[in-house]
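Structures incoming, each one as structure tokens.
In the two complexes below, chain A is the common chain; its partner is chain B in one and chain C in the other.
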Partner chain A sequence: MNQQTQDQQNIQSMEQAQPLWKMILTQFSEHKMAVAGVVIILFFILMALFADLISYASGLHPHRQNVSGRYLLPFTYSEVGSSEKETAVENWINQNTEVAAQLQAEIVGKNLLSVSEEDALYELALMPKEEGQEILKQIETVPSSFNQMLSDFKKFHPFGTDEVGRDVFIRLIYGARVSIGVGILSTVVAALIGLLIGSLAGFYGGWIDSLLMRLTDALLSLPLIPVMIVIAAVDLQKVPVLADFVGSGYESIIKMVLIICLFSWMTVARLVRGSILSLKEREFILAARTLGCQDHTIIFRHLFPNVVGPMLVSLTLGVGSSIIFEAALSFLGLGIMPPMASWGNMLTNAQEVIYKNVWLTILPGLMILLTVVSFNFMGDGLQSAVDPKSIKR
Partner chain B sequence: MATYILRRLIQTLGVVILLSYVCFYLMTLMPGDPVELMISSNPKITSEDVARLRSLYGLDQPAYKRYLNWVSQISSGDLGHSRTYRVPVSELLGPRLWNTFYLSMLALTFSILVALPIGVYTALNPGSRMDSIVSMLTFFGISMPSFLLALILIIIFAVQLNWLPAGGTETIGADNTGLAGILDRAKYLILPVLSLSLQSIGSFVRYARGSMLDVLRQDYVRTAKAKGLSYHVVIWKHAFRNALIPIITIIALSLSSVFSGALLTETVFAYQGVGKLVYDSIMGNDFNVAMVSFIISVSMVLLMNLIADILYGFVDPRISYQ
Partner chain C sequence: MIKETLLSAHQVSKHFPVKKGFFQRTVGQVKAVEKVDLEIFKGETLGLVGESGCGKSTLGRTLIRLYEPTEGEITFKGEDFLKLSSNNLRKSRRNIQMIFQDPFASLDPRMTVGQILQQPLDVHDIGTLEQRKKEVQELLTTVGLKASHINRYPHEFSGGQRQRISIARALALKPDLIICDEPVSALDVSIQAQILNLLKDLQEQRGLTYLFISHDLSVIEYFCDRVAVMYLGKIVEIGTRDELFQNPKHPYTQALLQAIPTVGEGKKTMKKSLSGEVPSPLNPPTGCAFHPRCAYKMDRCVTETPKLSAVSAGSLHQKSCFLKET
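Entry: the complex of A and B
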């Protein structure tokens, strides 16, 4: 009896009309790896968005170098050198003269340190962090800026430090911003270019079609990395429009996005042209035309929904390959310029640093691999979800 | 057929000429032309000297005029001198081209030899445990950037285990003749070939599996089975030979991506191929070398694509070149 009612319910739910997006969503969620990919991508994107917050909370800074804490392994502490400490204390005293005098007097007055008043703060900064904290506990009001400075002297590095002593963990997080950002931005722009060129070729046919498709084929047959290297080596100051961006700090990102766009619109263009050519001849378009639909209705209501699915798939897969291109060019030293971090340029010196600290290569590499695999799985899931032949109902 | 080949040849030539001009123009936009480099190496240089040097090198002329000069110089057989290596470009290029040829052909052969059996096996046993493991692995293979794999291989086999050299082309100063020479070269080729082939193995396995599955569903395979032919004859004579056609296209199309990857692999492994030459000469402002090596390597890829297209017609008699 129970079984029967369940069957009936199933049949009823099957008879109900489902909107297309719901069918796609159900189909997509059956692809476990694709769902895992989406979760990982969302996690990385959230991480990238809250990079400033994470930096503030952990007290780690992506550009802060520390000569005395280079090549540290994961889960280690770093301490800045004594001469840097002394300069920092001197600066602090010069900036907060009155507070410093008060603090110095209090330390010596309570006999916590047996040195002269002028040396008290220096002595405090130079001693190990725990002992210093003990002393500061006995003082009523410690200025927060002084505390901040002391805690900056000793840092915990969950992923270690790189060849100039920068924290790898926070650089990976800021790198996510650049790498994923460049990947998504360049793919979206490339998809728009591809959409434009593909639809122009598909709609008009004739010489426009053959010209655009020759161009597409020519670009597709080129070995991309050498060509990209030649373009990436160009000095932006000598290019008329782009020279304005030089010095804004974002010029290497703009250059990267432009180069990747230039060489990744072709797949979308071919896809759109192919779909349009085959759709133009289909009965439902003829029916729409016979019913007296206007051109824009046909394009937006009948052609577009049929193209958007495959385009979404190629967009998702495109993000993966854009991230690889960015990583490869930055790895060669032609992409994102330091001090800005990207997963690719964190690998720039990999050949030398693997002898000192392998984590400097493994961690950014793992991030690139995880992200690209996730985007590819997501694309795979979308592909089977939007393909009407594979929808199981 | 002849007109088809001729048309394609002319198209390829057109692309090469266009690309060489674009490349020449881009090189003028790169930081540091020859005279700027001389200025930085000689602080006593006067502005009259600079002007004289610029006109001597023809740098005061517009880009298209310099391009035409360069083309006429090239076509008279003079490829120019390398500034970094102090030898004629033609002398530099030959061995480099061979090195890259060995590397990419070995990688391509290796990936075909590995991928085809795996692809066919998984197609014959779809849905099996092996099939799902392989599809997972190919996914990672496709997503893995080749330079990353190269770095990981160096960490494992060169730094940790110390089995293979971390980079280079051959042992310097060693006797490089005969069998010993070949074995020495082979030692330096193992890691680059492995890292270069993984990505193509991934995509070849997927295409081989897909195309084989497709063919196995065809009517003629069912007919062959119904006739009572043995399993082997059906699989290898009827199915596999037809499944090869799309696989050959993919292999031919992957030539340019193998070459792209070769540049990165050569750079990571300091392997003296033409890809590393392109990269080094661009980074070192060695314009003569950069132009010639870039144009030659791109034309080789385009030519190989063309040859693959023509061979395709022999494999698949249904294709006619009109």
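Entry: the complex of A and C
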């Protein structure tokens, strides 16, 4: 009797046991490096998502060049050259004629600058920032667009500038967008291709299996980098069907994703085929059949959950290698085309000044390293987390 | 006592094509099961014994149509089992269930025990969700596990416990016939006895019929009412346990029985042991498949194939051998 009530209590507590995903989460959180990896990846992804916001808030622009501020060291300010300042002021006056005239009159009228009305704004723009601010304080209403223009003349560069004076910090952030985006997108597409081909080969066997697997072997035996270089050199605009789908702005990104997909679905296909082949003969599949399960139950209830674990792991690891492929091709000048920033093409120009300006190499390199290592650790953590044998009570 | 036939197989064969090369040409046939006649009576335990690779498991799986037989007829409860559409087959399979050899491979590692046991009820839409949950708990206690084990994963159990789960799963649909495919050969000897006793108790309580596949003669002797001996895809002798163990008629059965190790008899007898290997089922010997290893080989054994026939008129003890008396 006592035993029975105790059993009842046990059942009750068991009914409220954690669902599987919670157990996986608990298991995953025990892998400290994997958690660190996820944090870093999330940070980078957030950074990439809010790139526009960061650009707006900091006043830095990933494509804005500044000839007079090339190769600046980290934590320095850049000042726009006087001729650029003059053109900027001229443009501003032309755009805001009335406001400009008012402002000019006010400056000369209050005798803040001893120049003619026409030269007043130019003089203001060319003088050092602090002195200019002193003068502007004495004016009742300064148009915000004018202030914006003045502040654009002087920028703070936390990571310095590159060979055409673009800010490295904001380019790294926009580069994250491209590099992580290409990495994840191409891996997901490659995984879908691999899943399809692998499961076809595994389920049906026979000549379908032979054909698909020989194709896979053939692609695996190609020397990757040379073939990728050749394919990267293809101009998509000239390919009849593809040209319609390719918007000119993102052509290099789409091309990158296509190339990486083309060469990375094979590992997933082999993995899925192998798992399905071994699972198909496992006795629990036969048991399910004797229980009267239909094919779809067997596929979705028994095969899929057992394949998805290893696939998830290889997917995560795949993102790392996709990012490296992208960086390699962009580094060779065949991937993402400037002015669009990617970590790979930021390295291209840096190699020429590697002794003079080391940070130009180190920073994008560090980003690639951090991301890839984080993804790998995450994959590692997932691997042990999705294995039901590792669940502890 | 007139015995009611539950399942009967007539001239059932299962051949596996051997495929080779890129175009998957068929280069041969493995005759895993060759023209087997078998009757299983209601409430009995029929043992199926033979060396590894003789086709015992294949026969078991063919009887439940996990493998489609190459030829032959299978009748289950008076119904032609082979003509069933896949939908009707699923319904009919409620009455035949299977217990597998490897308790580590026969349970889905990603499902909890509760899910595993509830699945058959879900598939056949039996009862409400509440009733199913209750049924699962009852099943667990029936096979000697705790109802609180319901949310555990298979890897958290020992081999014997897993086999209990397998048995519970087979029982879930309240079948008439359970095909036990070497259910104890992967277990420790002490555990074997527990599982065998559990199976016996269940048989008494629920009136189950077993087809018990094993290579272990002592287990067969302990557990079975009737025994069929298989050699190279064919049944060479079939009879009640006592007939077969006391008075084996086929030379192969005799050799098998002599191979059982005995303890403490005091006298050392020179036993005739089987020489040679089991021939490949890809290319079986002509005539009687056993003739290359048989001590009583006659000329006609090489050319003619013996049929399974009664040892004495009207007896259910049958052998397939040309020898009059051995």
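Simple rule for what comes next: the second predicted complex is superposed on the first by the 364 of 393 C-alpha atoms of A that agree within 3 Å, B and C clash if a C-alpha of one lies under 4 Å from a C-alpha of the other, contacts with A are read in each partner's own complex, and residues count from 1 in each chain.
Please note the rule applied: a contact is a pair of C-beta atoms (placed from the backbone, for glycine too) under 8 Å apart; a residue touches a chain by one contact, two chains touch by 3 or more.
No experiment lies behind these values; they were computed from the predicted model shown.
Contacts of A:305 after superposition: chain C is touched, whereas chain B is not reached. In the overlay built on the shared chain, the residue A:207 is in contact with chain C alone; chain B does not reach it.
By the touch criterion defined above, A:282 lies against chain C but remains apart from chain B after alignment on the C-alpha atoms of chain A.
Once chain A of one complex is fitted onto chain A of the other, the partner contacts of A:297 are limited to chain C, with no touch recorded for chain B.
Set side by side, chain B and chain C differ in how many residues of chain A they touch, and the one touching more is B. In the superposition on chain A, A:109 contacts neither chain B nor chain C. On chain A, the surface patch touched by chain B in one complex and by chain C in the other comprises residues 214.
Taken in their complex, chain A has these residues touching chain B: 33, 214, 218, 221-227, 229-231, 233-235, 237-239, 320, 324, 327-328, 331-333, 347, 350-351, 354-355, 358, 361-362, 365, 368-369, 372-373, 376-377, 380. Listing the residues of chain A that touch chain C in their complex gives 7, 10-11, 13-15, 17, 206-207, 210, 214, 282-284, 286-294, 297, 301-302, 305-306, 388-389, 391, 393. In the complex of the two chains, the chain B residues touching chain A come out as 11, 15, 19, 23, 26-31, 136, 139-140, 142-145, 147-148, 151-152, 154-155, 159, 166-167, 256-257, 259-261, 263-264, 267-268, 275, 278-279, 282-283, 290, 294, 297-298, 301-302, 305. By the touch criterion given at the top, residues 19, 22-24, 61, 64, 66, 90-91, 93-94, 96-98, 100-102, 105-111, 119-120, 123-124, 137, 146-148, 150-151, 153, 155-156, 166, 169, 173 of chain C touch chain A in their complex.
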